[in-house]
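To keep things clear, I will list the structure first and then write my remarks on it.
Chain lettering (A, B, C and D) follows the sequence in which the chains are written, and residue indices restart at 1 in each chain.
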Amino acid sequence: MEKTPKWVDVALIPVLNLLIAFVISGIVVLLIGEDPIKAIKVMVSGALGSPYGWGYTLYYATNFIFTGLAVAVAYHASQFNIGGEGQATLGGLGVALVLLAFPWPHWSIALIAAMIGGALFGAAWAAVPAYLQAKRGSHIVITTIMFNFIGASLLNYMLVNVLRPRGAMDPATARFAKETYLPTFHDLPLIGQFFSKSVPANVSFFIALLACWLVWILIWRTKLGFEIRAFGRSETAARYAGISPVKVIMVAMLISGGLAGLMAINNVMGQGHRLVLNSVEGAGFIGIAVALMGRNHPVGVFLAAILFGFLYQGGGELALETTIPRELITVIQALVILFTGAFDNMLRAPIEHFFVARANAQKEA
Amino acid sequence: EPALIYDLGGKFDKSFNEAAYNGAKKWAEETGGSYKELEMQSEAQREQALRKLAESGANPIVMTGFAFGDTLNTVAPDYPDTKFAIIDMVVDQPNVESIVFTEEQGSYLVGLMAGMASKTGTVGFVGGMDIPLIRKFACGYVQGVKAANPDAKVIQNMTGTTPAAWNDPVKGGEIAKAQISQGADVIYAAAGGTGIGVLQAAADGGILSIGVDSNQNYLHPGQVLTSMLKRVDNAVYDAFKAGADLKPGIKVMSLADDGVGVALDDNNKALVTPEMLTAVDQAKADIISGKVTVHDYMSDDSCPVQ
Amino acid sequence: MDFATIIEILDSAVRLGTPLLLACLAGLFSERAGIFDIGLEGKMLMAAFFSGAVAAVTGNAWLGLLAGIGGSMSLAMVHGLASITFRGNQLISGVAVNFLASGFTVLIAQSWFQQGGRTPQLSGNGRFEPITLPGAEAVKDVPVIGQIYSNLISGHSILVYVAFAMVPLTWWVLFRTRFGLRLRAVGENPESVDTAGVSVIRLRYTAVAITGALAGLAGTYLATGLAAGFVKEMTAGRGYIALAALIFAKWRPVPALGATMLFGLLEAISNRYPNIDLGVVNLPIQFMQAVPYILTVVILAGFIGKAIPPRAGGQPYVKER
Amino acid sequence: MVGAQANEAGRQATAALATQAPAIELKGISKAFGTVQANKDISIRVMPGTIHGIIGENGAGKSTLMSILYGFYKADAGEIWIKGQRTQIPDSQAAISAGIGMVFQHFKLVQNFTVLENIILGAEDGALLRPSLAKARKELKRLAEEYELNVDPDELIEELSVGHQQRVEILKALYRQADILILDEPTGVLTPAEADHLFRILDNLRKEGKTIILITHKLREIMEITDTVSVMRRGQMTATVKTAETSPEQLAELMVGRKVLLNVTKAPAQPGKTVLEVEKLRVVDEDGIERLKGIDLNIRAGEILGIAGVAGNGQSELLEVLGGFAKATGTIRVNGEEIDLTGKHSDGQSRRRRGISHVPEDRHHLGLILDFAAWENMIFGYHNDAAYQKNAFVMDNAGIVQHTQEAMERFDVRPPIPTLPAKSFSGGNQQKIVLAREIERNPTLLLVGQPTRGVDIGAIEFIHKRIVELRDQGAAILLVSVELDEIRSLADRVAVMFDGRIMGHGPVESATQTGMGCLMAGLGGDDVRGMDGWTISDEAAPEETA
């Protein structure tokens, strides 16, 4: 297996899988009697053709970077965190509580506090499944799924019964104070002139980039990352080396949940300016696809997040400009997960076979 | 080019949003004009949807549902040259027309009919999301029922606490069945798409139901007593017609100006007795003349009758 | 609370528990064969759509049923391909299947019916109407027994009775037939089956196909029995609750009946009493909705009897490293 | 076939057949797993009514070859002939039809099924279980009587001892009327008594005219029971000989490809102060089975204590406890200081900080992370050492690579490329990486398990030399090995383990082959008592009672 060049694994196979997913999506578009070429045009121009489009694409990408990193960090410890959705939901609650609790004088201070709140709440929501996995061997996939639902109910309760302002009808918190609004791309020096006031992309994007870098450092440069990776590759060997499984699972999942929770600084603090139901919009699940495509590496996660940001924004435009429902994006997303994740061996096996045969042939020669 | 944004229940909820759609369609057919429309997919995309339409130059932009209120409040100032109209919510901005209905009056009328049609003396109410607006429906309905039969019992249920409550026909059906078993023989559904399940369960259970917003009598001919019409279609039609000249401020659509009413057509002809017709007409006249006032739940967040 | 009310709530629990039961038994076959299936939700949704659509077009619920099973089976085969043939990650495949169904149903529904992702309202033969069992009318007024028979046992759609019949049938197939023995073996230790000269792949595909068929029944019941047509996302998390019930039942058919009916009962109660006041605390509806998930976590945590999944569950069968 | 006469007739018939066609004939079998050529152009013939042994180093390809014969793997090339007929064996079903049964090295039983269910699995008589179970129950009774294969048909597999599980596997094959039986390392997991019992069964089967292929690492067993023997090396069949015409020495030479040096040249030990003291060490595993039943031992600086014993008698657990990744009760002192056995400091890191290094038995699962680069493996377990950190936050990766490069050169790891993943190195070189990591720390106590398992002879010599060097520098060394020869040549003192206890210990010079063999079987007869300077446990049963 080590005879297959690295670029095949990190580039060729994902790209081919992506292509297959897109081709099948195109066929689906044809099936519902629409024009796939036109669909692509609308998506590309809507998501990438203007600063407005980019503003939204990068906004969505920011969400996906956080959830993608969350999945990736857990994955390195061989934990499949499917609970990003719930953790990001709770992160939103944390951010909202922090922002509503005090009259923050400036966004920068509020941001730091909100980051702590979001990360803590997200981490807390990952803590129970992590603990049960570490200590009692409860399958983390199932418990995190369950926690997604429990989290949704909890948020529902909080919004309806606790946080909804008097007299308001929709289950949402009050608006945050204007002082806590994060600067959007429009407000930033240098690039501000390109973006209109309405684009939601905000300084959280840079925090997401920072998170990528920090995750990279963590995983590949620190002792903790070494232990996480070692445990993820071989649990028995990690135990031999005196690495505590409980510690690794807990720490990795807390970081993972914290990253998912951090997403809330973008969608809740940066864009919504209040907490609404379902503010996560499936970003937790998209994080799985992003991490899969990005091969659990921050650079890959970043690129895949941009791709999904493009799909998301482009899909929104599709619904507006054509009669293709926005659900097409859900289908594309499903196909990307299917082909880059579950069907990965479909191409991998023959491709690796090819390289092994070539290696063997070279050996003979 | 005007634009219309539907709320989460979706364009074809056979109820609230569909009424809006019908208004837009009527306008398009009459004027031959075209309009943009957008269905909300998720709570979080409201702002993007609004902005998207505003950026694209649509004017006026009409949206259905109170849930847009907060978002519109922040978006409207950014597009001073665009006119917005919001249904079911008051948004105080110089370029926004807020259209509200006196649903309590329409509900009073159907309540009156329910009270008269009920043989068991027990009627039901199934609301969608538990919010003051829907309690307003319920309160008007109860007042009407009691006007017809002071001893009548009204069973009230809400479907849920989130927007998903507008779109859960299975749950609507279960709630209706529960009410039937408690003796209800007329059930009023004010629950958007959820109401479809209520009407279905009522028809299955051999009792009468009352539709809402659009005329839903046709869904189960002979089994839907009537529908409480909320002329969202007219509101949209008017807004589209006014175009860029849309008048900001609050517009109340009441019984007096046919903003609300009861649906009478061939489908429920056999169910509506002459006495009912007389009573409804009388009540209508009394309400318009001010002789009868129907309490509005939202005025003080309480209902005098249960 | 009088007896009639209790009967009515139980009646509602049966209706609401039935799709869970069918889906839970569906999951049981797959997971007992060593294929984890978190895609029950998607398969149900797909079945709900295809059954609703075909029943609407043909006006025949039975054709709808066939279509529903077909829709669910096609997703089951995707899952089978991913987990059996391509030896992929079964959890990821399940996630993909759920998304696929969620998007695909609305896309096709919109393209076929232009009703915002729903199918036309079903009526008459397009639905599986409640069946009145013989004698139900006659004994209606007999206290207790008669009430139970006519109100609780009678008056459900045929699919409800099918679902209940599936419980002993599943038990019998699993524990009394050759197929069941092999199925359980392949979920515990596929090598034992392979070395015994039985094809692991065929067994697992069969299991996955049965899962597809049962999930198809579940979805069909939702769209043509419980409701009268398909609306988007109409499964509303029931696939996950069924999964929870499966764990709760420790992958056994009779406890699966108990678990799904319990969860159905919880839903029925929260429909009727959104807020339950226990005197000390007032349980909000959101809590009631979360109860199945909370219970499952407690079970998973092993504080009340540990749930041990089939040993080979979740792992693709790979002979050559 | 009941009754002696029928038996006799059967044997004669098969004997007659033997002159005609071999029961099994493999021609030119090849099989590759990716880039690993597990079998290369292998041909063998086995006559009916005989026991044919196959020996070879770990990874030589023995299991692979048999799995091909059984249809579990598909060969890339080659032909299979059964009883003179060319036979296609695409899957195990075909093998079973051809009368082949196999007992795998790792049993293929369903743990939570009963014995009966396991027996009928895949060989049911109809769609319903009841008749099959009834029939199997009867048949099982007959087989049990005929071959001394007693097991309770209603017991769950997970409740059975390994020996009994193996009987179930044999019964499975016999129930399917196999007349060719393949056993892959059947005695590795058995106690000597169980192994003897197994050999009696095999002998009975041979008398019945059945053909048996026996894979084993133990030359003694080959000499004892087989008629013919084949030797495999690196995927190839190097020789097939009649057992009667060969000797253990010759076989060993064939196995590793050159003359085996049975002794390491080393100076006599110069033991210093006591480094390791172990008292009343007990281990209970997850299933509640007591694996160590009170171990007492000590090792002094500058000496090597060899632990001998049949695999599975607690040696692994002893290493795990000392290495810090299994919990235990009792006391362990290193240089007089007591070690935490259950608390916060009972992990491998704390042990390493105390100067205990550990070369684990299983390098693939414990010693190495195969996906990690060599440099990462080189600090694995020591990654928290200050020397490997650049600052408070990040590790000094460049420095570690540099350090690894040097260590690889010192230990002659080929190729000396630190960035290569561990899985790209051959077994011997992988082992050198582990040894380099552990020995380079200059530990006060080195724990080594099976240091040369699956390692070629050149590397064995190198590894032995380094271990002795370490001893001479004053380290205390605990060596666990199933190879008696290795123990004999490396250790200064020997302790023999059986059933979680130390049966006896004493100087290596006076240890006799038979004496140690008896102790390994838990026996303590005259052979044992005759060994000078040995302390024998009371637990060792007098030989007569066995």
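Heads up, the rule we're going with is that a contact is a pair of C-beta atoms (placed from the backbone, for glycine too) under 8 Å apart; a residue touches a chain by one contact, two chains touch by 3 or more.
Since the structure is predicted, the reported quantities are computational estimates derived from the model, not experimental observations.
Colleague: My parser should flag the chain pair with the most contacts; which pair should that be?
Modeller: Top-ranked chain pair by contact count is A-C.
Colleague: If you average the CA atoms of subunit C and of subunit D, how far apart do the two points sit, in angstrom?
Modeller: About 47 Å separates the centre of subunit C from that of subunit D.
Colleague: Return the distance between the CA-based centres of subunit A and subunit B, expressed in whole Å.
Modeller: Distance between chain centres: 39 Å.
Colleague: Subunit B to subunit C: how many Å between their CA centres?
Modeller: Centre separation, subunit B to subunit C: 35 Å.
Colleague: What whole-number Å value describes the gap between the mean CA coordinates of subunit A and subunit C?
Modeller: 30
Colleague: Would you mind listing the residues of subunit B that make contact with two or more other chains?
Modeller: 39, 161
Colleague: Can you pull out the residues of subunit C that are in contact with at least two other chains?
Modeller: 117, 286, in rising order.
Colleague: Specify, in ascending order, the residues of subunit D that touch 2 or more different other chains.
Modeller: Residues: none.
Colleague: Kindly provide every pair of chains that touch.
Modeller: Touching chain pairs, listed by label, come out as A-B, A-C, A-D, B-C, C-D.
Colleague: Where on subunit C does subunit B make contact in their complex?
Modeller: Its residues touching subunit B are 4-5, 8-9, 11-12, 15-16, 114-118, 121, 129-130, 222, 226-229, 231-234, 236, 268, 271-272, 274, 285-286.
Colleague: How about subunit A: which of its residues touch subunit B in the complex?
Modeller: 52, 56, 156, 160, 167-172, 175, 196-198, 200, 267, 271-274, 276-281, 316-317, 319-320, 326
Colleague: In the complex of these two chains, what residues of subunit B are touching subunit C?
Modeller: Residues of subunit B touching subunit C: 10-13, 39, 157-158, 160-161, 164, 167-171, 173-175, 177-178, 181-182, 193, 196-197, 200, 204, 219.
Colleague: Going by the contact rule set out above, which residues of subunit B touch subunit A in the complex?
Modeller: So the residues of subunit B touching subunit A come out as 36, 38-39, 41-45, 47-49, 51-53, 55-56, 66-67, 69-70, 74, 78, 89, 130-133, 161-163, 301.
Colleague: Can you list the subunit C residues touching subunit D in their complex?
Modeller: Listed in rising order, the residues are 175-182, 184-185, 188-189, 191-199, 311, 319-321.
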